[in-house]
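Next come the structures, one after another.
Below, subunit A partners subunit B and then partners subunit C, in two separate complexes.
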Partner chain A sequence: MRLIPREVETLWTLFTGPVVWALHFLACYAAAAIYCAKASEAPFSFDALRLSLFAITVVALVAILAAAWLSWRQWGFGSGDPPHDAPTRHDRLLFQGFATLLLSGLSFIAVIFVSVPLLFIEVCAR
Partner chain B sequence: MTNAASSERTADVQEEDLRRVWANPTGWRYWTSVNNTQIGLWYGSAAFIFMLFAGVLALLVRLQLAVPDNDFLSADMFNQAFTLHGTVMMFLFAVPIFEAVAIFLLPSMLGARELPFPRLSAFGFWSFALGGVFVCGSIFFNAAPNSGWFMYPPLATDKEYSGIGADIWLLGLSFIEVASIAAAVEIIVGIMKCRAPGMRINMMPLFAWYLLIVGGMILFAFPPLIAGDILFEMERMFDWPFFDAKRGGDPLLWQHLFWIFGHPEVYIIFLPAIALMAMIVPTFAQRPIIGYSWIVLAAVGTGFLSFGLWVHHMFTTGLPQISLAFFSAASEAVAIPTGVQIFVFIATMLAGRVIFSLPMLFGAGGLAIFVIGGLTGVMVALAPFDWQAHDTYFVVAHLHYVLIGGMLFPVLAGIYYYYPLINARKLSDRLGKIAFWLMFIGFNVAFFPMHLTGLRGMPRRVFTYPAEVGWDLLNLISTVGAFIFATGVALVVIDILRPKHREPKGKMNPWNAGTLEWISEPEENWGVRSIPIIKSRYPLWDQPGLIDDINKGRFYLPDTQDGRRETLVTSVLDADPVQCLRVGGTSYLTIISALSLGGVFIALTFHWWLLTVLCGIVTLGAILIWLWTGTSEIPKRNERDIGLGVTLPLYVSGPASVGWWAMFITMAGDGTAFASLMFGYFFYWTIHPDFTAGLPGPGAGWPIVAVALFALAWLAMLLARHANANDRVWMARLSLLGSVPITLAACLAGLAGPYLHDMQPTVHVYPAIVWVISLWTVLHGLVAIIMQLYCLAGSFAGRLTASYDADLRNVMLYWHFLMITAMISFGVLGLFPEVR
Partner chain C sequence: MVPGELGFVRHLALGLRRSISESLEGRTQGEAPTILRYLLPFTALILVGCGGQQSALDPSGEESEAVYRLFIVMVIGGVAIWLGVSALYIYAARHRQTSWPPAQASALIGWGGVAFPVVVLLALLGYAVWLMPVVRPWNSLAGTDGAIEVTGEQFWWRIRYPGVNGNPAFETANEIRLPVGQPATFSLDATDVIHSFWIPALGGKMDMIPGRTNFLTLTPKRTGIYRAPCAEFCGTSHAYMAFSVVVMEQEDFEVWRRRQISGHERSADQGWELMLRHGCLGCHSLRGEKIGGATAPDLTLIGARHSIGAGTLANTAENIARFIRSPVSVKPGAKMPAFDMLPQREIDDMARYLGGLK
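After this line comes the complex of A and B, so read on.
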């Protein structure tokens, strides 16, 4: 078994970063919404919830970094500059790599944005 | 005769043949056309007319508000006017106009003859037109919806107050949402599979990138609203208490479902407008766009992030602060990709030498307005600020800045830019400039003061106000501005409508654009004369002689065969040719099925049950005939020489075929609607200490039996497909036939749980949501039975064989989705109450 996956050629890899963002966002939203609605019956504290969501945030960030690394590789580690508009399979691959890398960057920032409330908000509602 | 002369003659003959095959019917039969370019024009014109209608309503609203204590409109008429204004602008103008532009432009822009499902587009158009007229017409009978474009219960569920208007809204718009999803299927499959050979994804026009994303967004945004509509209509029609707090329901669920749709919707509107700018800016900078990949980043990024914002419309509903904070954060994050696009445009303009033409004027003016709206958006996305500004005129100002700047102005830029593709002439420069300045100034005069009226506390949607509170001058200014703005719009309309046949025709590609849509000729219906090989993002700039080669028929598919309309299907990433696709031609079936489906919705509104059933039967029949006669036809020959030494298959099945993708995409939307219903189930669970309210559930037994039977039927279908592929015909037929009663039994078992436990859906929301989810699944099971019988008939008729098995494979795909649906729905309904 290889540790680092081989390059795959599909359109879908483009969406890896945003999908991770979406899953992370859903996890945060659903966990908080359910916890706060059922706080009275919850067997653990809000802080425990925040901590576990932090852990999930770290996992999400690592996943995005992994996607970023793969796309960086697909982009030839930055060996060529955009625009990648030649009519060749090679340029198409470079374009995919570069666009995926950009999206990973945006997703990384967006995950951090969404997790900031976990730092500052200590109760469900005041 | 010399060789050259003879090949020229062949080309002429081929051209005549092509023209004949693609010709629209004449006389009144013209309306049975299905050509996408034609449909795009109708679609666009209809949307534009709806826009003018909604604009008139807005002027009425403004007149009423011009002075304090006015009685120009009654309170109820006022409510109908603003509700219909918002509804029509959002559902009948903003979204459809882009489906229209896309359907009109995409074939030639992608270098395709046609998008894969022209009849589906025609169906979508007729659904849209009928639904639109129905919704708009209601106001003339004093029966228009009157509870605001987002229809919040309990106001909108109150039959006393909302009358039949709410039903018209719910059913009319559900019908139009069907049309939107149809368009999304057409657009997504078209962009992924019908690009000209060589147009790899790194060379796709940016417009196509945006529309691909928007198509995906429609697929995940509209179904939650459809699910919400279903719950809402069940409450209004049969008193199932989904939003009635007294019986365990909750109005907030509607707000969630509406805004899960509603916020992405604003980006569904905004992205295509930006897409037009991404075509216009490079043309007038006379250079390729700088930062192509950055635009792709922005389009995809916005597409995703826009689904994490919906609660910012619900900041004042008392949700936990932590939830508000998540959505506030995501709302601020979406400003990043939005900003990126604007910087890309500025960079492109700085790097080129900008020709400041009329489309650029509209585009730049629009973006300036949009930026102000974006700033107020970032303000209201901060929860504490929004607690002050919510439901005041500040929000009205914000949304009009973003919508008019981010969508109306770019649309007008697009109309001025693309008009030569419709009429071979440009619109008037002089009139256009006057119109622009009237609109630009009028807009700001009308809407800027609303920020202040809002901050001074004027709530939105009040039909009048007293004189003492200091809102009168600002309101009067707004009204004056609105009329200046309307004058500008009127000038545009005059310019479009004034007869131009005396003016000389302009030359092709008058702006010297680089992208492929400019090869299309207004008189021709064939999309492109021959399908070119693309080697650049701006082929008209970089591939010398391209237009000539295309028009002389020197590329693929210069001819016709068997008198059929044909286009090429290519691979997703590299656009290698894989199939010669025969698309549907002129047909009545599309109109009949759209009108009868419309009949279903209209009859439902008035509770004419018998007519509903009748129309339903006609719809089903029409669609079946349409499928039987128009799809998966077995060609006379297997292969077709498309020219330049390439031969392609005429028939493919499975993931290689466009039909399979259409099924996949439709089912993704269907699955989203189902997920929204499940969201409702768990939503009710969270808001109640005991969401069953002590009432009996469906029990675990019957739901488990249902899942098991569905699994059995699914296995039988797998066997059928397998046997069919191995040419074991009777085995295939037997398993198809066998799976019919099993599916039926599965459906009955699904209903047995709630039925035998005597669950009363009108008593409490718990039985109601259990019934809705069971019915949803069972209905899908019944559709599956129709599909099984259809395949069986196909097998006996010899149109479903081992090598021609597209129908069966598409049905199998449907079954995979059905299996997942059944497992989740009956699994949750049966087991969740036990384990919770």
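After this line comes the complex of A and C, so read on.
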């Protein structure tokens, strides 16, 4: 019994990275917007909100790294060169792994970019 | 940042303009290369637009300095990347025609196409976000009584100074005066459509939205007179909707504030009698004489303002008369009715009276 399946043969894993990125984006923007709209009645400080969003960012990055590792494995840890365009089942698998890996990289960077304001914005704007 | 450093575009523009006018008058020694002689005047034309009283490239406030710094950093970064990409393009287009070994090509794509843009974009993004609290100080004054209320209306600005230190609040229009070195907070609103409040020399713009109050804090650092245009299209006379900003020394500002509160000194004047008779006070107010209507711009000490019709005309008696006679011909869509049924002599009398209220 394996915790992680040996092989992933579905197109859905392709979207793991971008989905994590989208959820992280929503979490950051919705949390900050709701907090600042209700700042006067919130029971915790803006710094607490920043810290929890920072924690969410770390979770998102770890999730993307996990997705990246899975796709790297699916790609055979770089054993073959792209473009993987032969009409075979094996090449489709490698192509999907490679595409997922690239998308994971993009999502990783995007999550970091989205979190930059967490570092610098210290108060709610009016 | 040193203030002198910031105006370097302006100095460049002034220097260029001087050298061009000298060369046009044939005062310089020797002949400039032909291409330069043709190109320089155009460069100067563009650069001359960078200085002056309505320029974000000639900053006079803390917030506008931050905007300017951000602009310069972004321009330099953008130009450097553009030059790099152009050089690569030229290299690829005309240098040796052999293809690179795959490993080397991959390295170029990895470093030049992924690592480099990620690092540069992260740095520029970080810098811009880091600068945000300076560009938009979320001042503690915001929301308190200390804010100057500015309301955008088609096509003028209602300005209400708050009561401070026992001084009563007062209203004026189309001209804001600020003491130098003091942060000023504006509370911005609109009555009809969306306008936008922008003093390029002092800071970034902020929309004025009906039903919502926005706050903006600006800290002027140099005395002077600046022009502030409406920065959101608001109707036919949008281009004629501006106000002047006068940044003064603290003492001069206090004198002005006291003058504004008390209004001008009452004196018997034919122009005043005519204004009363023709119903001007139904919409306008003149502190010192009579608090009339409040639907139109306050006219207290209008003679001391730097323009007529919200930044449309120079402040002269002739222009005031022209505005009274037919506001729509000066500002299409203006709501003030035309008073061209009055004898010209009476209009002139009122204009002279108003122009003298200083």
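Here is the rule we use: the second predicted complex is superposed on the first by the 121 of 126 C-alpha atoms of A that agree within 3 Å, B and C clash if a C-alpha of one lies under 4 Å from a C-alpha of the other, contacts with A are read in each partner's own complex, and residues count from 1 in each chain.
Operating definition for what follows: a residue touches a chain if its C-beta (ideal position, glycine included) is under 8 Å from a C-beta of that chain, and two chains touch if they have at least 3 such contacts.
Note that the coordinates shown come from a computational prediction; the quantities given were computed from them, not determined experimentally.
Put simply, more of the residues of subunit A are touched by B, taking subunit B and subunit C as the two choices.
In the superposed model, A:Cys124 lies in contact with both subunit B and subunit C.
When both complexes are overlaid on chain A, the residue A:Val62 reaches neither subunit B nor subunit C. In the overlay built on the shared chain, the residue A:Leu51 is in contact with neither subunit B nor subunit C. Legend: residue contacts after superposition of the two complexes on their common chain; A:Ile109 is shown touching both subunit B and subunit C. On subunit A, the patch touched by subunit B and the patch touched by subunit C overlap at residues 109, 113, 116-117, 120-121, 123-126.
Residues of subunit A touching subunit B in their complex: 9-11, 14-15, 18-19, 21-22, 25, 28-29, 32-34, 36-38, 82-85, 87, 89, 91-92, 94-96, 98-99, 102-103, 106-107, 109-110, 113-114, 116-118, 120-121, 123-126.
Put simply, subunit B touches subunit A in their complex at residues 192, 198, 200-203, 288, 291-294, 296-297, 300-301, 303-305, 307-308, 318-323, 325-330, 332-333, 336-337, 534-537, 572-574, 686-687.
Residues 81, 105, 109, 112-113, 116-117, 119-126 of subunit A are the ones that touch subunit C when the two sit in their complex. Of all residues in subunit C, those touching subunit A in their complex are 102, 114, 118, 121-122, 125-126, 129-130, 132-133, 136, 138, 142-143, 215.
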